[in-house]
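Contents: one structure, followed by commentary.
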Amino acid sequence: MMTHTDIQSGQAAQASAAPSAMKVSDEIAIEIENMNKWYGTFHVLRDIDLTVRRGERIVICGPSGSGKSTLIRCINALEEHQKGRITVDGTVLSSDLKNIDRIRSEVGMCFQHFNLFPHLTILENCTLAPIWVRKTPKKEAEETAMHFLRKVKIPDQANKYPGQLSGGQQQRVAIARSLCMKPRIMLFDEPTSALDPEMIKEVLDTMIELAEEGMTMLCVTHEMGFARQVANRVIFMDQGQIVEQNEPEAFFNNPKSDRTKLFLSQILGH
Amino acid sequence: MSDTHSESISFVRESFLPEVPPPAAEAGPVKWLRANLFSGAVNSVMTLLALALLIYILWGFLPWLLGGNWTASNIRECREIFQGSGAGCFAVLTERWNQLLFGFSYPPSEYWRPTLSLLLLAVVIAPVLFSHLPRWLLIVTALYPFTAYWLIWGGTIFTPVMALAGVIAGYFAYRRAVERGFAVGLLAGLVVALFVWWLGGLAAASEPDSLALERVPSRDMGGFMLNMILGVVCVSLSLPIGILLALGRQSSLPIVKWICVVFIEFIRGVPLITLLFVANVVLAYFLPPGTNFDLILRVIIMITMFASAYIAEVIRGGLAALPRGQYEAADSLGLDYAQAMRLIILPQALKISIPGIVNVAVGLFKDTTLVSIISMFDLVGMIRGPILASTDWNGVYWELFGFAALLFFVVCYGISQYSQWLERKLATDHR
Amino acid sequence: TTLEDVKERGKLNCGVTTGLVGFAAPDANGNWEGFDVALCRAVAAAVLGDPNAVEFVPTTGKTRFTSLASGEIDMLARNTTWTFSRDNDLKFEFTGINYYDGQGFMVPKDLGVTSAKELDGATVCIQTGTTTELNLADFFRKNNISYEPVPIETNGEAQQQYLAGACDAYTTDASGLAATRATFETPGDHVILPEIVSKEPLGPLVRHGDNEWGDIVRWTLNALVAAEELGVSSANVGEMSASAGDSPEINRLLGTEGNLGEMLGLENDWAKNAIMAVGNYGEVFEKNIGQNTPIGLARGLNAQWTDGGLLYSPPFR
Amino acid sequence: MTTFTDPQQDGGFRLSMLLNDTRYRGLTFQFIALLLLIGFMAFLGMNLVSNLAAAGLNISYEFLGEPAGYDINQRLIDYTSQSTHFRAAMVGLLNTLLVAVLACLTATVIGVVAGVARLSSNWLVAKVMSLYVEAFRNVPVLIWILIIGTIVQQGPSPRVYLGDDPERGLFLGFFAFTNRGLTAPAPVWLEGSIWVVGVFLASIVGVFLYRRFVRKALYDSGRLYPVFWPSVAILLIPAIVTYFLLGQPIGIDMPDVLANRFNLQGGFEIQRPLIALWLALSVYTGAFIAENVRAGIMAVSKGQTEAAASLGLRPRRIMNLVVLPQALRVIIPPLISNYLNITKNSSLAIAVGYADITATLGGITLNQTGRAIETVLLLMLFYLMISLLISAVMNVYNASVSLKER
Amino acid sequence: MMTHTDIQSGQAAQASAAPSAMKVSDEIAIEIENMNKWYGTFHVLRDIDLTVRRGERIVICGPSGSGKSTLIRCINALEEHQKGRITVDGTVLSSDLKNIDRIRSEVGMCFQHFNLFPHLTILENCTLAPIWVRKTPKKEAEETAMHFLRKVKIPDQANKYPGQLSGGQQQRVAIARSLCMKPRIMLFDEPTSALDPEMIKEVLDTMIELAEEGMTMLCVTHEMGFARQVANRVIFMDQGQIVEQNEPEAFFNNPKSDRTKLFLSQILGH
């Protein structure tokens, strides 16, 4: 799934200085302390420690099965963790439904397979949660939705159904849908890996734009061009552990761990 | 463990953490109980309710089952033994098992014959169901109908042997003549087969007793055996008819298509019981005067028609699932219609349709109990008729109905589990 | 013709009930026994010489006529009432009456009912497709009282429903009631009410149009009746038929004189075979439904005319 | 069939072209098929004519106008034993429709509950439900009808409720469950009752309006009003108020325990055969519907639920707004064919003594008149019409909900 | 669908002189005169005139919906035409089944989606038609099949099933399958457009080889490299008409019609 890096490499080179230009506040957005998770007896995540500051943009990479998706999903309480502590925006994630609700409305999530609701129009997809969760009046919700649809450059598709859109368009709708909840943090789980090359570009462009506006982002992706261009930090995971993390420049040019080197040689040597 | 510093984000793990087992509360039976039975207030209540229901049912059921009597010779004796304790009088099963399974006229000394046929069926069906068995076993399967006929109905062995000979001769004739076209081949095959059958009929009639098993007329079939016979025979017969109907319905020839559509929709639109009424009370009026089919045969005809309409719809689904390209590729290679269907389209369409066909078969097998409504003594008819009406056993419903339900459940559940297994296999197979 | 068919087949297809103890019911070994069954066996013995050459085809009140009409059975001996419309509209030929009956009611004793007229508002079990179903409607309408019918297909089910208390009363031919009651665990807890609300002459029937066959069935029945009248029984028939005796009618009946059998298209010893197989009418009656059986029916109307009953066989001459 | 119109310059018609020419080949086959069909029909027809002649019978529907002579225990329209066979058929037809509609409703409820419960995270509940589903799916419906018919027979005799000093009193003072059925008080419509009914009907409309209002309020102002209790209030309060204002114009007809010694009279009775058939068809078909529901819900990918959850929607809302609307498209077509199956299976009614159309027209009438061909034909026509109607509904539905795709 | 032309352009340039080297006989293989076809009332093919000599290799291109596939399929009688006359190898295509059969066994066809028979092995795919249509003994048919499978370079896959092969391999099997019927003419309908770039090369190589052996070929494709390398003639269709036809060199370098120019600029300018 790492065939398209070359497409972005040109852009990435141009903008490689950009990340430092975006400000990172000192405020802590996500704090994960000593978090462990098991599936049955299988230890998927082991002693994860991670602090994300507001405005930080973190790219997570690693071989398949290393637990990247699981980590992301734990932050969103889509999976339970069994040990350790996750604090999002000051709220400790517990099994208390109120906390989970609060955290979920702070955190937007974007899936590999978009998961748009096929029975609703694009606009309805975007207004559903604001209306029913945030209790925003419909009109207002629609305005917001159109705003974000314009932002992802598909306002003209608002009344179509997801099935009528291309993959890239669908993924951009998915991003817009998350944004409509005005989250302070966005999680992306391989948002481009189900897409054709041309469409990848559309989606990455949208994400870059978002990054430039200072959104806190955690992004599982193997688009190294994207990582170089926007990430403050790249995290490499293997076997449920954070093996290495560093600034993108240092990470790509000078990986320290052997595993990271091996991994990078595989995906870049392509 | 926190190696991340706010100043320098760079971090490299030197030592790898071992995999450790989950904390006690997160594993083992406690965790399982919590996750699966008591994960919330509502869930706990539901668990308790379900438990209460189960206990209630078992409370009534277990004493009935375990305390039951298997040896009494009639219901009065049972009642005397139980003194109103409400245990089951299973003696009816020990007493009447042969009637329940074989009907009351099948000669008891010959019970081994249908039993053997059933066992054989389980063996010969295997190559059809399990595709990894060697293909030559299919020949054994093809021989089965003749063997089973001989075993169940008896008579001289010449009848099935000559029938088989006719089929084989017809097949070879077909092979020889098919060069000139499918229709010619079919015709040649039919003519030769009919000729051999005619000869064979003479031969069998002249030697009615050589190598003969005791002859048992259809009317003497009863009990669960009758359900099995009806189910197996009708499903097997309805397969080829269903295929033809499905092809007809897909045909581009409007009249052929129209005939098939009307037939299929008509049959699917009426309840089986009305078709059985037709078999029972009306069909005789439509047959040439003097022909006198027995009821079983008439019922087989109607149930086969019924089943073939449903199977046709299943196969139509399979045909529709094939991409157009398969038809076109066959055309462009110069295969004619019959060849394309036989070699390319049907093998694929049938494979897709197997789970659906199995479902129809299970449904049909269950529906064979309806013949009891037209006073045939299948398993249900046997219970409702002679057994419940007899002085000895009138009043033992639960044991009898429970037994019938159990028999059907075992068979149908087995088949449907198999079909699900097959569906899973088809889904993962390399096409 | 039917006779040829039967001979060729070597078996007589005889329609009987799905189970009415005393009249026709298979025992635990699957052998059919009963009053109607005996008639089938007698015909088989007369035609084929073998009382066991019978295929018993169980029929419900509903399927019996179609089975006969479609030729599936050669004769129906299923306590069937001879009525005008069955004869003329359904086109069947009743070949005599083997039991003079009438419709009665049975109720549990503890109900305290003593007359059918007290059944206002009761729930009554009734077999569908029978004359009794129509009589029932007429009876209640005539007496201007109401009831709820529970339609039932077979006697067996009626029994189940009645015993379960799903109906207060069960009505059918009085003989059927007696037979049904006999199978109960405690027959004494049920009473058959005194009213007989209809005439139910029960008899065997065949299809219209084949008079030869009809005659065979008719005269086989007559032979059994005449045998009783003439004192021929299964015990002495062998002896009596060995040589011509001094009663010309017995001689004609048993074929030791004249050629009545030939006229019927049968062997001359047809009646002897029939009587030998099942006995004369009286024997059949006593063995299956008489006073010494659990069913315990009195001869009543079914006694010989010489004993004040209605049985009166035309002469064998 | 389009044909090559132009390329046949050589013209001329040879006999071999009937088989070898694509233009004629189809026609030839169809002609043969048609001939065979006509031949077959003619064969049947001729047999019929000669058989009928031989038996001295004829085909005639006059019997429909003659008095039926038998009584029917459940009548939705006026019927006595003097009514015609046609009316008896109508009584049976209405009974068929009645039990079919009732069973469709309950089977749906049972099926939905069981289907959802089978997917429950509660292991025990899920297992109990699969036990139910498998047990009912794998045993013939006739056996279930017989078993349930027997179960329903186990109630107490109505006699325990009868007399001055009954063995037991009516349940809650109103109801009696017996082995003959269920008796309840019946409403008596006195003068003015029409108003109460009118108000009640209006209240039903009102509930719908209220729900519309709630949704609109949410859309307009973002306020979400409670739904359930207000709906109940709207439904009941106005009707109750009118009822008392008009001086209680609806009386009740209590089951009469003194009328005779056999049965409760008066009141409203659901008879045992109906209960038995209704129950049997509901639980049997409910098992099939449960499977459809389960399949429908499982067809909505886990991703949909997760996406909705990550947007902050609560489980109940996820079900209502995301999962159900999608699952329904999968569930409804097989659901409708299950309704058709209920209708067809209701023809087994006679096994529990219920007088549906198969029992009246196809049973008693057939037997009393001997008009086998005519009655069976009518019977088939009736079922055929129902099934055509239902499949027409299904087609309309399928066309209306198909998802928009590219 | 014209994204892969660049991949072939290098090769094509090297070999652009090749076509003239292959001989074209004077015998006429296919003659289409004044052919018209309608779908319902929609006029798909209008007055098509085309003569193909034995050994000629013709590439057909044109925008989507211009009737290219329809034209090809009419030659094979997969579609019926309503007016005009098609003569293949001296046989006039009429509604007579004998003629259709004769023509189909002269003409091999290769589809965009391969249309292999998934329930048969590769070898069985290749021997099916020879055995049942040509009545070749099985042994002989298998030998021929292996010969052609060697030719398309996948003899070792003979006992696998189509589902186990890559797209490129499948398409080569499809070609081999057609060749087993020993056709004198091959029709290709966008044989490479469903393939990944690497696989396209495999298939084109096979087709080039075939062309070099002098097979008469009609090929709908947008692989301009291929056209340059092997075609004697390129035909451009639009709206059901043949708009322009010429030798490849002239066609690409000096298109005459405006439409052709527009079309070429679109697919080459990519």
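Letters A, B, C, D and E mark the chains in the order given here, with residues in each chain numbered from 1 onward.
Criterion: contacts are C-beta pairs under 8 Å (C-beta built on N, C-alpha and C of every residue); 3 or more make two chains touch, one makes a residue touch a chain.
In this text, all values refer to a predicted model and were calculated from it rather than measured experimentally.
**Student:** For chain B and chain C, which third chains touch each of them?
**Tutor:** Chains that touch both chain B and chain C, as defined above, are D.
**Student:** In the chain contact graph, what is the shortest path length, in steps, from chain A to chain E?
**Tutor:** 2
**Student:** Using C-alpha centres only, name the chain that sits farthest from chain C.
**Tutor:** Ranked by distance of C-alpha centres from chain C, the top chain is A.
**Student:** Using only alpha carbons, which chain's centroid is the nearest to the whole structure's centroid?
**Tutor:** B
**Student:** Go ahead and name the chain pair joined by the largest number of contacting C-beta pairs.
**Tutor:** The chain pair with the largest number of C-beta contacts is B-D.
**Student:** Report the chain whose CA-based centre is farthest from the CA-based centre of chain D.
**Tutor:** E
**Student:** When the C-alpha atoms of chain B and chain D are each averaged to a single point, how far apart are the two points in Å?
**Tutor:** 27
**Student:** Taking each chain's centre as the mean position of its Cα atoms, how many Å separate chain A from chain D?
**Tutor:** Once rounded, the distance between the two centres reads 50 Å.
**Student:** With centres defined as the mean C-alpha position, give me the chain A-chain C separation in Å.
**Tutor:** 89
**Student:** Distance between chain D and chain E based on Cα centroids, please, to the nearest Å.
**Tutor:** 58
**Student:** Going through chain C residue by residue, note those that touch at least 2 other chains and give them in order.
**Tutor:** 66, 69, 153, 160
**Student:** Please output the residue numbers of chain D that touch at least 2 other chains, ranges allowed.
**Tutor:** Within chain D, the residues that touch at least two other chains are 54, 150, 350-351, 366, 372.
**Student:** Could you pull out the residues of chain E that touch at least 2 other chains?
**Tutor:** Correct list: empty.
**Student:** Write out all the pairs of touching chains, ordered by chain label.
**Tutor:** So, checking each combination of chains, I get A-B, A-D, B-C, B-D, B-E, C-D, D-E as the touching pairs.
**Student:** Flag every residue of chain C that touches chain D in the complex, lowest number first.
**Tutor:** 61-62, 65-66, 69, 89-91, 111-112, 119-123, 128-129, 133-134, 136-138, 140-141, 147-153, 160-161, 164-166, 168, 207-209
**Student:** Could you please specify the touching residues of chain B with respect to chain C in the complex?
**Tutor:** Contact set of chain B toward chain C: 75-76, 79, 95-96, 99, 103-105, 217, 219, 280-281, 283-285, 292, 294-295, 373-375, 377, 384-386, 388-392, 394-395, 397.
**Student:** Mind listing the chain E positions that touch chain D in their complex?
**Tutor:** Those in contact with chain D are residues 38, 80-86, 92-98, 100.
**Student:** For chain D, which residues count as touching chain A in their complex?
**Tutor:** For this pair, the touching residues of chain D are 218-224, 301, 303-304, 306-314, 317, 321-322, 325-326, 329, 403-406.
**Student:** Would you tell me which residues of chain B are touching chain E in their complex?
**Tutor:** 179, 323, 325-326, 328-329, 331-336, 339, 343-344, 347-348, 351, 430-431
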